[in-house]
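Shared between the two complexes below is chain A, which pairs with chain B and chain C, respectively.
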Partner chain A sequence: MNKSFRQSMAWLHTWTGLLLGWLLVAIFITGTSAYFREEITLWMQPEVHDSTLQPGTVELAMAALNAKAPDAKSWDINLPGDRQTAVELRWQPAKQPENGGRRRGEQMLMDADSGEVVAPRATRGGNFFYRFHFELYGIDRLWARLLVCLATMFMLIAIISGVITHKKIFKDFFTFRPGKGQRSWLDAHNATAVLALPYHFMITYSGLLLFMTLIMPWGIDAAYENDRRAFFSEVFSRGEDAAQPGSPGQMVAVGPLIEQTETRFGKPVERIQITNPNRDNAQITLRVNRDPAVTDRQRGGDPTQVFQGNTGELIDTRIPANDPVSPGWRIYNFFTSVHMARFADPLTRWLFFLFGIAGSAMTVTGMLLWVSKRTQQLRRDQQPDRALKMVNGLNMASITGLMLAIAAYFLANRLLPATLAAREDREIQVFFIIWLVSLVHGLLRPNRHGWIEQVAAASLLWLAIPVVNIFTTASHLFTPLAWQHAAIASFDLVCLTLAALGGYTLWRLQRKPLPAKARRARAPRRANTASEQPAGESP
Partner chain B sequence: MTMAPPLFLALALAYAGLTSLSLAMKRHHDQVMGRKLQPERVRYYRWPGWLLLALSLWVTLTVWPLGLALFMAVGLVAIAGLPLVFLLPYRARLAGRLAVALPVLAMLTWSTVALA
Partner chain C sequence: MTPLSITSRTLAAALGGYGLGALAAMALAVTLPVARDQAVIIGIMVAFLLCSGAAIWAFSARSAWRAWAGILAPSLLLAGLYLWGLPA
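Let's turn to the complex of A and B:
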């Protein structure tokens, strides 16, 4: 009974893993990059790099909004921080445009030094990967989310069945035996899976929680009588709409209010919101970043002070972290917070990035193991059958192909003309064209040569990014500007690291002839020797 | 970056703890120490291993609030364990030396930063 149970779990793990593995690899890799989505967007808009927060920046921002939308319903000013160099200005126009307009209103970027409005090149930046992570691209949003949700459930199944399948989970806890083909890939898969098991479980489970209203809507439908909007506005409220605009009036200077708030909370003000600006009922809301408390409120959780706009009188001081939070919310907040890491400072963010890499490594080694195991089971003179070749080719597309496509996306950002029409879509087209090319290539050459070629191409492209940067921007690695904002230099350094890793993999792939090759050297050359061991079989 | 020194220490302690736990296992004891593990000596490695991991958790608790600290401690074990797993077959002795050197280095870094 016990043995057959383990066998059936192994079967479940192998086949659920294979079926959605390719999708999971893409979800893991894009999700890992999404921890840095704002940094990626920043890097992809070099026009805003030369901008640093100054004492007079807030006054400049107010002046810019006054010039652009003096009679708006509200203004929002997001000041530069670790993840952004320019000032983000948003406003809700007094009259909604005919077609309803964007819910978040209008937006522009301002240089923090000069106060000039900057119009950076159009790009989807890191948001492309962030969106791809949970709703893919080009498919109906609902279906895409359902598909990703299904993959997440399979992932949870794979985690549980994988633990049951693993016979010597404690004995082999630290074991890696290199140079043994399938055995080595199994060890690598086990190590990346078991060591980070609690992380994998939490990231998968929290992923499902984020889809909660999508997969289990019935409770909400019953309680809210099919008015799901009522549920969302009650549970995930975005705050009430501003009061009706009053009569025109003067506003006090914001500077002293900022000083007051910064003294109160001991942190710099990051966001300024003004409702009914230039009216006698204007309200000025100042927010600082909250402490990284993962169980607190998700939305509107920042320490805040609200001032009366015409008198500068303090109306309200809110520290939502001190509000009571129900246990259910604490759990929900905990899981979703650690999934999205919105609270994280740069250092914590790097750790999350490393966790994501560990997760990606687990899915990747699992996929390679699948092929490696079946290749090793082939008899000496047997060629891999069509299915095995196809899996190998698809592995290539989902692993090296995706890395190629991401690098190409970044290169397109630097090389496409800044004023190109529908530029942001062109970047995405480059991404998918390269991914498709790698898929075709992988299916045509599902063997070691194919892997070597794709790894080589990927290493070259990643190396090319910082190099192309030197010729196309004024914030490359040899300028002080890049180092002024750690995020910009770090991006290039990550590219170089990936290129180096690719180079190392290539060296290992080239250096050790694989068993199949050795056999071929001894035996007379067969007619069709195109198919050898997969790259998986490197030492 | 006042978080960096305690974080480095937590990571170093996690690495040392895991190495100590691996030394309580025959295969890895062989690899690192070059001699057989006496069964009665297992506890000399196992208990300090758990203790070091507990210390690592304690350090993360000084950096982050409880919930996040637990999550990060778990993640740090993964980040510390992966290099260990891949060092053991190639550079086992180095893996052992790092387990001593890293926590010492981390504490030195922290004290220099604290004094400066």
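Let's turn to the complex of A and C:
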């Protein structure tokens, strides 16, 4: 490989990286949290923590739906599993409200033990980060998605040019020179990039594939003569709509049907759907979780049995995973399922979470390296120019600032009154106010002091979460309930881990002595780049 | 690299690269000898790789002119392939 080619790639890597780096840090960090979005939502609704699946839960759920919406078009019952404790009840009202309404129908949560409807505190939970990950917040959804796609494309280019820049990529990988400023950042950037390189490529490329109909629809138009609906119905068919409701009729008990399905598939039934409930043409659909296979089709892949509602007669047994999938779609399914960890059991989910942290660390160290390199190139008494200070301040806001804002969001969830009006919006306002404060602070103090202050604040807030939890919930770390559902205790443990990482960072930052006061008085302060911050500072 | 060269290469990477990808998606969608939904998805998957490949090329070519030529030539080929593959 000739030298100038690598130089041009280094140039391309540096500038594509910086240009959308801040956005990418936010996308990576919120995306990493999204592997646990259901667990985060669960943690943020402590009212539903004390709920466990019982033998009679299904009957209670049927009774609750019967009381709430006896003439609905359909009912859906999602039973508690690894990632949720309460029973989720959904129904499609008989009459759709004029001009749209919610397409997904109505929803409520039920306690699995008592059958009482629970109204937990209003929160967007983990979905806020999940949505932010690909459509940001508060700006037009279409433009936000396009912006995220653009950042993703830049990321793909940065990955490829980054690989080309490092001729000796594996030798670089085994090099680590700690405590040496720019060198250390370079090594950390290389290590996190190479360590998870297949992951980085996968997550970026699949990110583009997930938005293919938005950003690359031309092949669909070409092959389907501009009829995109035809493509969607061919590929992502959701099955036919339910038949018109018949005349009122009795339904058989669901319990024996569940036993039948569980015997057939050897797994617990997780989801129950009833179309045209309380009619003579009611149909009862029982689903168990599929065996995870990453190349499966996405929707409707679960083993299913369908029963006639008034007789209990078995109509259909489907195991969609056995249907043939063509090679092209297998590749597509592979990339998109892996992106969303659709197939993942809890252990795999943790592994993806760690990969996500590696990705966040890669973008973060890249941004820090950019500033560190330029700071070290300054002459002894030269002041960093305005642009360098600004990049340093923006780095601070995008890294420690985001971590502060996320912690504040969780604290707001515990501290705001449970019945506050527009509560879920207030939580989000807290998030953005704290982020904004950190941005202003970062721009005012784009130096080591600024970094020290923000890292200290972030560590305190993350430490505060499990502590506040003790005083505000009955499912904190010192209760058996939190450990009964591993997700709840794990959340607090992750908070403690992040606080500890922050504390370690602080110790490293403090240990490097500041320039003597006398010297500072003579020469203006140099922008410093928190050059001792370890890479793992992200959720 | 001069500012003019950088601007030109950036345009080649962004517009040219996207155009190349889009044309590849279209050409493969109508010419691949597999079911059309498969042809579409394979085309899209190839398109994104071509987009990033084109960006790499745009900044590594010896001159901005060569950068453009290296993107436009295959684009024309793919456009021809697409027109040839259209149902009569």
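Assume the second predicted complex is superposed on the first by the 497 of 539 C-alpha atoms of A that agree within 3 Å, B and C clash if a C-alpha of one lies under 4 Å from a C-alpha of the other, contacts with A are read in each partner's own complex, and residues count from 1 in each chain.
Keep in mind that, in the parts below, a residue touches a chain if its C-beta (ideal position, glycine included) is under 8 Å from a C-beta of that chain, and two chains touch if they have at least 3 such contacts.
Source: prediction; values computed, not measured.
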item: Touching partner for A:Phe232 - first (chain B), second (chain C), both, neither; value: neither
item: Partner chain(s) touched by A:Leu195 [first = chain B, second = chain C, both, neither]; value: first
item: Touching partner for A:Tyr137 - first (chain B), second (chain C), both, neither; value: neither
item: First, second, both or neither for A:Met153, with chain B first and chain C second; value: second
item: Which of chain B and chain C A:Phe432 touches, first, second, both or neither; value: neither
item: First, second, both or neither for A:Leu354, with chain B first and chain C second; value: first
item: First, second, both or neither for A:Gly219, with chain B first and chain C second; value: second
item: Residues of chain A at both interfaces, chain B in one complex, chain C in the other; value: none
item: In the complex with chain C, residue positions of chain A that touch it; value: 5, 8-9, 11-12, 153, 156-157, 160-161, 164, 205, 208-209, 212, 216, 218-224, 231, 234-235, 326-329, 331-332
item: List of chain A residues in touch with chain B within their complex; value: 171, 173-178, 191-192, 195-196, 198-199, 202, 291-295, 330, 334, 337-338, 345, 347-348, 351-352, 354-355, 358
item: Contact footprint of chain A on chain B as seen in their complex; value: 1, 3-4, 7, 18, 21-22, 25, 27-28, 64-65, 67-68, 71-72, 74-79, 81-82, 84-86, 88-90
item: In the complex with chain A, residue positions of chain C that touch it; value: 1, 13, 21-23, 25-30, 34-45, 47-49, 51-53, 55-56, 59-60, 82, 86
